[in-house]
């Protein structure tokens, strides 16, 4: 496709917020300035685009946001953007500001929107993988995933204090939607007795077996990590099933919840977000469009959005194997 | 009662664990050594006392525990200790080790046990207030309360990132049993829209009113702190009631749960636990018995256990007033 | 002095920044609004007052600052304010904005400025103790002190990991200017072998003795806390003296430095700052002037500034005693 | 060399400690048990090996160490191991315990020891990269590096609070020996004005230029990251040079120091250490010897120790470029 000259970039965050989104926005703004481009912030995602909630951004607007969780551009769901009329309004607003390219930071739904918008109006757009769930192909790690894993294990470290003081069995539910990435990392990182993820069936009988065998080995406290999207149910349901088989166990459940989405981004996520923010601007300058920028094997890679959002990224077989060996 | 010479002190933790319990145990052991007394650790609270799970402690046993959450002596509930037979066995075990005084670290149930034991067998015992709930009279702050407040606001800071990114209303449930201390601190400390505590009725209508008035003032994100022991129900129930009145609000609920019990103790709790640990040993040496050591107005105070466990400690009127002013 | 009606309050931060200053500003702004007063933010302390760097503040200006370290009003030193001409200009600027009362948040130098200003121009002003050093009379704790203690012990916890892995002796220098408050708290909170503070001489020989006696007791790692304002010098100097006597020791020095001034305020400091911010506004309304608001024994107390800045606050004798017992 | 059957593995940590070493030890012990091997812990590195400070390890010995910084096996330097006699004694001690393979966790000096020992006595050994400096080839990241980066940026976040409150220029010195990895990550992660690393010369004039141009752009606070091993000197020296050119700047220096070595390991480091611990045991079982296990492009890779310790690993060109773009 012909290399159109880009002069004004719009940037928005969409979908669930993730730590590092602000770092990515900052990198987009600062690298755009570096290349003498103008940047416009679109507030509240596609919804703000339709409502023309758009503001020019300068370097000073992104000062002191690098280290903050959430997204200062805010995020929202937009029903209207799902309609052709909504998208037409959105396009008209972009044009009225002279914006000729988009950077969209978010998860698969957000990137799908960018893809659609590109197909219908030819707006070059680059997606950045911003989600704690790590469920996007085209990048080893999504922005926010590392921070969410740290948040999870820090919380579980605290729970372990209580678990071991009371010889209790804790079921801790972590986020991740349909993906078990956070759960597997948290499972290994917290020395869990077992880790239940959506990608793998673990019959309750096997879990009971594992717990009983650990009891024989005099392991008195146990933490079981449960991914929220599991097919056998969440932490609460599974704990009830287990309780039936192990009625004498002192069982507790904690659902970590939304605190996993927030917090100051980790060093890893700040670096990742910064590099991807620069890559988005440089990609647009070099004529990339309808792609997601990611990092695979330490190299910037641009993957067609259509391919990035196909959910075929899998929990590393070897990670799961290690989790199992270490929990015996 | 006559000032018996103490030579061997037993120390145990009982009830829910709290950050700083280890610091208190360490202080008991080290100050006992300083005064040339022997110390015995009783594992798993009164249950371990009955089962004779008792071990002599040296300074090296309490190295590197000061900064750790939980209690390395472990804690447990004991049905048997509620029976006269159980307590007799416990007493026999104490005697068999030559233990002539007890330091009991825990909440009101734990202190009640110490009181009973004193009354029945004349064992001098000093209680230390170890609970995150801060619901003991005889001390301005219980061991673990400050850490729990810090843990709560750090978690809520993360939730606020998400709340403000999405203009959401979050109901966050904090611990505290029947007491609103953690809730009020967390409410002020997180700039909450409202704080619901067991000690005060706040009709749902008033809460709705507050939220609506804030909406007019363009406050787009809101956090409501709910103490677990509230009469109008927990965060989940209240959120449902509110949802009926404010159906367009994007409402989420997080129950912080047991992570509030763990974690490395704060500077405040380490200091408090250390001072109280020393005060317990010095109190026993000076003939105190059947009292709880606490700190009121920066001074060590010994309060009869019977009085300390009477639940008449109240959330500071002025704190609640400040919370209200600042949330308008 | 007669109770003038206050309608416009100016607020400034001055001197070294401290965690919780933002929470105090927020409380001043929000409680002023609550009482239907206007508030003006004076940027960069007295320097900004002279340069007329003054802006009206609304509730939205103080949104999301409660949890942030530093001060969004910024702070600066002002040579000019020390001159009568400078103060005249400052006064003229206040009057031009119709500001009829001041809230000054800072340490003793900042409060001295407020006192002087009051004496010369009759501007009612209330000081709030904002300094990590805790060296102001008229309050049990200054805003920022608790956070600084937490920051110090968290850093020392990390250093202890290394100290104990290598059986090393670490000298850790903490802040506090001429006061040993942070040092004593950090000393107890980190289980230090010794704590050197400005208020107490500890001859190097005694320190050597203590270290040798601990070596006999097989304590292989040691941390010595040194307050920056000590008469025997800082951590570096003392470590050199000790090295001469204990040449085989593996000695390291860490000067924690300015990181102790920053960071998100603790729950305690948020509560303290919030209560004092409200107390400042309510004090002005009730005719208080030329006083510092503090909290003593859990009650709001207004102390004449002249008395608050007299440096006679002392490290608690008992805290020092406890530090000594626990480090044997 | 022929695939000898391994039955008893010795594990030691050596050199500077790094967060995650305990997680690696735990993984070695638990996976060895999983494969029915015995494990012996060698305390205080090669020094302990010479002094026969060796103890059999069971799963319970490594309970609750996963989340702790430092190394419970302790570390030490050994002059004696550099002599043939010392190594002979070490070998004799190994044999007396029937240990037929070694896992050595540490930096390049530690791995060199393992290589030498292998060459002289044929003891199969696998090294694991345990150092915060990330200066080992054969792995994308060393154990402890990610945690050290997080520790550094969290400290710098606090310093930034102060820097921005006072419009100051801070020089912050981070660790890394001769390598700039921590510095570059911290530079990007903290939005530094400049990052000075050993691998690149940055004349003071250029730094002055950068600072002046930022001053024109009204950036009032500045943080400059200085790697400890820089050729132009440490943070203190550079700050003095800059002060000469910019005498009106309010300049401060903080040397983060040893706190960067400690702390609870990050999720990333726990995962890395766990996987490498398993890889070490499985490598030995499969006949690997004289290699370091690392992770490159998300895959376990065994690199001859001789090659891993050649210091040719370089800071990513692109990371440095991104740092520069974002600091303009």
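The first chain written gets the first letter, and so on, giving A, B, C and D; residue counts start at 1 in each chain.
The definition used in the following text is that a contact is a pair of C-beta atoms (placed from the backbone, for glycine too) under 8 Å apart; a residue touches a chain by one contact, two chains touch by 3 or more.
None of the values given here were measured: they were computed from a predicted structure.
Comparing the centres of all chains, each the average of its CA atoms, the largest separation from chain A belongs to C. As a whole-number value, the distance joining the C-alpha centres of chain A and chain C reads 39 Å. Centres computed as Cα averages put chain A at a distance of 36 Å from chain B. For chain C, the set of residues that touch two or more other chains comprises 157, 160, 164. If you sketch which chains touch which, the chains form one closed loop in which each chain touches exactly two neighbours. Across the complex, chain D is touched by residues 26-27, 30-31, 33-34, 59-60, 63-64, 66-67, 140, 146, 149-150, 152-154, 157, 160, 164, 185-186, 188-191, 217-219, 264, 266-268, 270-271, 274-275, 278, 297-298, 300, 316, 318-319, 322, 325-326, 328 of chain A.
Interface of chain D with chain C (complex): residues 13, 16-17, 19, 68-71, 74-76, 151, 155-162, 164-167, 170, 252-263.
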